[in-house]
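Pasting the structures in now, so scroll down.
You will see chain A twice below: alongside chain B first, and alongside chain C after that.
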Partner chain A sequence: MNVTLHAAPILRTVLREQVRIVARSLIREARAFAAVLAIVAVVIGVEIFYGRAALWFDSDDWAAIGLVALVFPFSVWRRDRLFMPAFLWTLPVNRAQLLYAKVFAGWVWLMVAFIVFVAFQFALSLLSGLASPQIISFDAGIGITALYLLGSGILLGLRHPLRWFLGAAGVLIMLGLLERGLASGPWAFEIFFETPQLKSAVERFTSAWQRLPRFAQSLIPNLLMLVVGFLTVRTAASRHADNRRR
Partner chain B sequence: MLELQDVSHVYPNGTRALQRVSLSIPRGMYGLLGPNGAGKSTLMRCIATLQTPTEGGIRFGNTDVIKQPDELRRTLGYLPQDFGVYPRISAYAMLDHLAVLKGVNSAADRKATVETLLHQTNLWNVRKKALAGFSGGMRQRFGIAQALIGNPALIIVDEPTAGLDPEERNRFLNMLAEIGENVVVILSTHIVDDVADLCPRMAVLAEGRVLLEGAPLELIGATRGRIWTKAIERRELETLRQQHEVLSTRLRSGRTVIHILADNPPGDGFTSVQAGLEDVYFASLAEARRAA
Partner chain C sequence: MSHQEERDITGVPAVATFALSLRYGKQLALNNVDLRIPEGAIYVLAGTNGAGKSSVMKSLLNLERPHAGCAEVFGLDTVARGPEVRAQIGYIPESHAHDYGWLNCGQLLQHVSSFYPAWDHAYAETLNKAFDITLGRRVDTLSKGEARRLQFVLALAHRPPLLLLDEPTDGLDPLARSRTLAILAEHLADAPTTVMMSTHHIGEIESLADHLGVLQTGKLVAQLSRDELRTTVHRFVLDVPEDWNAPTELRSLDLRRSRTGRELQGTFIGKQADVRARLSSSGATVRDVSAVTLEHAALALLNDGESRP
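The block that comes next holds the complex of A and B.
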């Protein structure tokens, strides 16, 4: 019996399709985002109306957006069964390719949201009469991308990503508490960092760092984060190659 | 023709899900019957390239399913119990999406395919409705629509009529029967009537082994003269269970009607009855239990 095989999916078409379908699946998030912007616009509008300076948030501070970028993959991959035999695996599309395509699609819409947010901030800054509104710098985009990739890698590479996220948050809180405790030191950390060799290495690094141009000081950590993000996604993708359950 | 040769599967925890299963499945509808835990789902997953059996071989035409899973996927239609992703998306958009992932690369071909399938499965009027709002029957018809994308030569349907009302079930089975004329369709179920109505060939699976294989009529014929029936009082049932191999009990006009398996006339008011596929199924399970 000869079986006729139909064509295999083309990467370009799969990529375009992922961008389209991820957009459709993110409608609820898009509505929530629009609602937040609308509320902020109303509040600031009232402030402007009464002649008070309205743009109270620092437009160069993108930590909040970074946090959103980190957890955004949970929305993109919601309901996907990543670690069990799932229906999508029976389709002839390459699994790793599909994974990268979906990560890319999520990134596209994250960047769209980011640009909308920057434009929104810019418009409000102009309306509130601030002379030179600070706009989130270009490397914020890199940082947000890096955090999104990191979040995607964690989600795709771990069987229980939420537990890891919560665990990491717990560890950070513990370290924060520990740091407060250290104020009354000397503790092991302080003793370690006070060793002459380490202290002089840190000082040399700090002095070299401060000689760098300002844009480089911002760009280098973001690029490093970007590389880490890419590597995380790549490592996670290797777990989703065609390794069928045994 | 789909050929399974000595397919065995042992899970890492030691559970033997399949034990040397060998089947030749020709074009047409093929029923795979078995109780829960018989190994049907494991077998379906192995054929659908979701799982690699620990031993044995699976071939579909010239394709080695275990070594060339991508080739099989290019001719496979699989109806799962749940699609999992994008419940808020319309039937049209989801079919279009799946058509892309199945390799229907041209937008015009995709449009034609999706529209034909929506008409064929009688979902055209609800094409803009989100899948999450579909009834069980609509979801199953959507499942068949997506399974048919790309004219597959092998279709696997896993428990397709579970939870359907009689009208939807009837409509769904008619649709399957039409499809099954030209391709290999494996219908995995524990509902005997689905197999009896549709499948010219079938197998009964229990505890990972093939107990019976053949055409339903032949299998029914092989049980001729061994099935006996009697209407009894409910309180007699336990005693009769101890004396005979009771295959099934059914309430009829307030009385319990039992079917038993016996090579010789059991006497005691029992009369011979024309066996049905259900009797064959229960008899094979009973014999397997006895042999164990």
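The block that comes next holds the complex of A and C.
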């Protein structure tokens, strides 16, 4: 007996659809982003008017943007119940591929937001008449991508990612407090960091690092982070793979 | 790549599970289940709540991963060839809620259609009209019945060779139920489809179903075609002496005594001639034998499964 079997969709179709549906799911975030840009534009406009705009462009601190990239996956995936028999997993697509496609779609929109932000900042710096505005360099895009991948990997690979995020933040704070509390005596931290072998290794590394060209000093850590991000997503995807056994 | 591929599956069941077992923590949800659903069959899976009906369907979609055994759909392993298997399936889950409830019906249909190269847009439109779907309404604002009707469109519009329907009429009012089943019957007449359906309203699908499987606490206790049911489960009307007891080897399920006290009615499982002979040797006189409805048969087999150790 013959039966007519249906084909599964091709990867290009899956990618295109994920880019489209993720865009639709991020409308709320896009509106919030546009509102923030509008408020910033008004505030900076006033500053430009009074000739105090330089304050806005001399910051070298991109931690906030990095943090946004890290938590952005929570917006991309908030509709999907990843560790349950959810709608997403009923689709006729290889699950790891589906996961990569959606991570890619989120990245596309993160990069669009990033480019819009850079263009916005560039436009404002031109308007302010500043000679050398602080514009995000190309490798900032790599860093943002790396943090986004890391956030995606954590979100997709862990059943309770928020708990892990908060737990990790708690541990870091505790370590910071501990370090401050122990700063007055010869405690384990100091003893460890002041061993001659470690000190000379750190010095050798620092001097070698300083001999590198400036772009390499920025690019290498970003690329390393990118690799870590990719590996995290890959590990997370393996948890959802079709052929993963119990 | 073509949207469809002709495949010779002579002798291959549409659905087959081989000692399929599934656990939720320490609880055994499926215990060595060996389902066989022939191609083109309309298979009703009956069982009490928690018997494992939904778990079987989820295993076929690889939504739940078995801890032992395996399953095949049209000869394709559900784990190794998951995407291909899911491309053959139209699924109506037990739950009415949809993860993408923030989309409107039209957007959800468009989203799902892009994953099925065989999606028939004209047919989807026909189904939308038949099920009275308002495309502009947000999915999470739909009532249970409306959500169920939308799920029917999503499941049928790509004309899948296999339909997995988990309590498909749940949440529908009586009128909607009858309309839905009429549309389903029309769909099955048009497109060659195998159906696996779990329902507590077996009576409604009496005219459609041709196979019955009975699950009891994760075990498949019976699996019969309609013809096998006709020769295996019967309703007997008996004349019996005052202190008559049914023979222990006969599984009497729902014996009911009439007002006069001498007439008994009951359903017995077994070959009619064997049952008749055993009843006669116990002192009962068989007055009438009739076939039972699918619902009655399912109840009998369920009771039988319960009474067995």
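We adopt the following convention: the second predicted complex is superposed on the first by the 232 of 246 C-alpha atoms of A that agree within 3 Å, B and C clash if a C-alpha of one lies under 4 Å from a C-alpha of the other, contacts with A are read in each partner's own complex, and residues count from 1 in each chain.
The criterion applied here is as follows: a residue touches a chain if its C-beta (ideal position, glycine included) is under 8 Å from a C-beta of that chain, and two chains touch if they have at least 3 such contacts.
Predicted model only: the values in this text are computed from it and were never measured.
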item	value
Fit or clash - chain C, chain B, common chain A	clash
Which of chain B and chain C A:V14 touches, first, second, both or neither	both
Chain B versus chain C as contact partner of A:R81, first or second or both or neither	both
Partner chain(s) touched by A:R95 [first = chain B, second = chain C, both, neither]	second
Region of chain C that runs into chain B when the structures are aligned on their shared chain, from 170-178, 242-250 or 278-286	170-178
Touching both chain C and chain B, counted on chain A across the two superposed complexes	1-10, 13-14, 17, 21, 24-25, 79-81, 85-94, 242, 244-246
Chain A-touching residues of chain C, taken from the complex the two chains share	1-10, 14, 23, 39, 58, 61-67, 74, 79-80, 82-88, 91, 93, 98-100, 102-103, 107, 111-112, 114-118, 158, 160-161, 192
Chain A contact footprint on chain B (complex, rising order)	1, 12, 27, 45, 48-52, 54, 60-63, 69-71, 73-76, 78, 80, 82-89, 93, 97-98, 100-105, 150-151, 153-154
Partner chain B, residues of chain A touching it in the complex	1-10, 13-14, 17, 20-21, 24-25, 27-28, 79-81, 85-94, 98, 242, 244-246
Residues of chain A that touch chain C when the two form their complex	1-10, 13-14, 16-17, 21, 24-25, 79-81, 85-95, 242-246
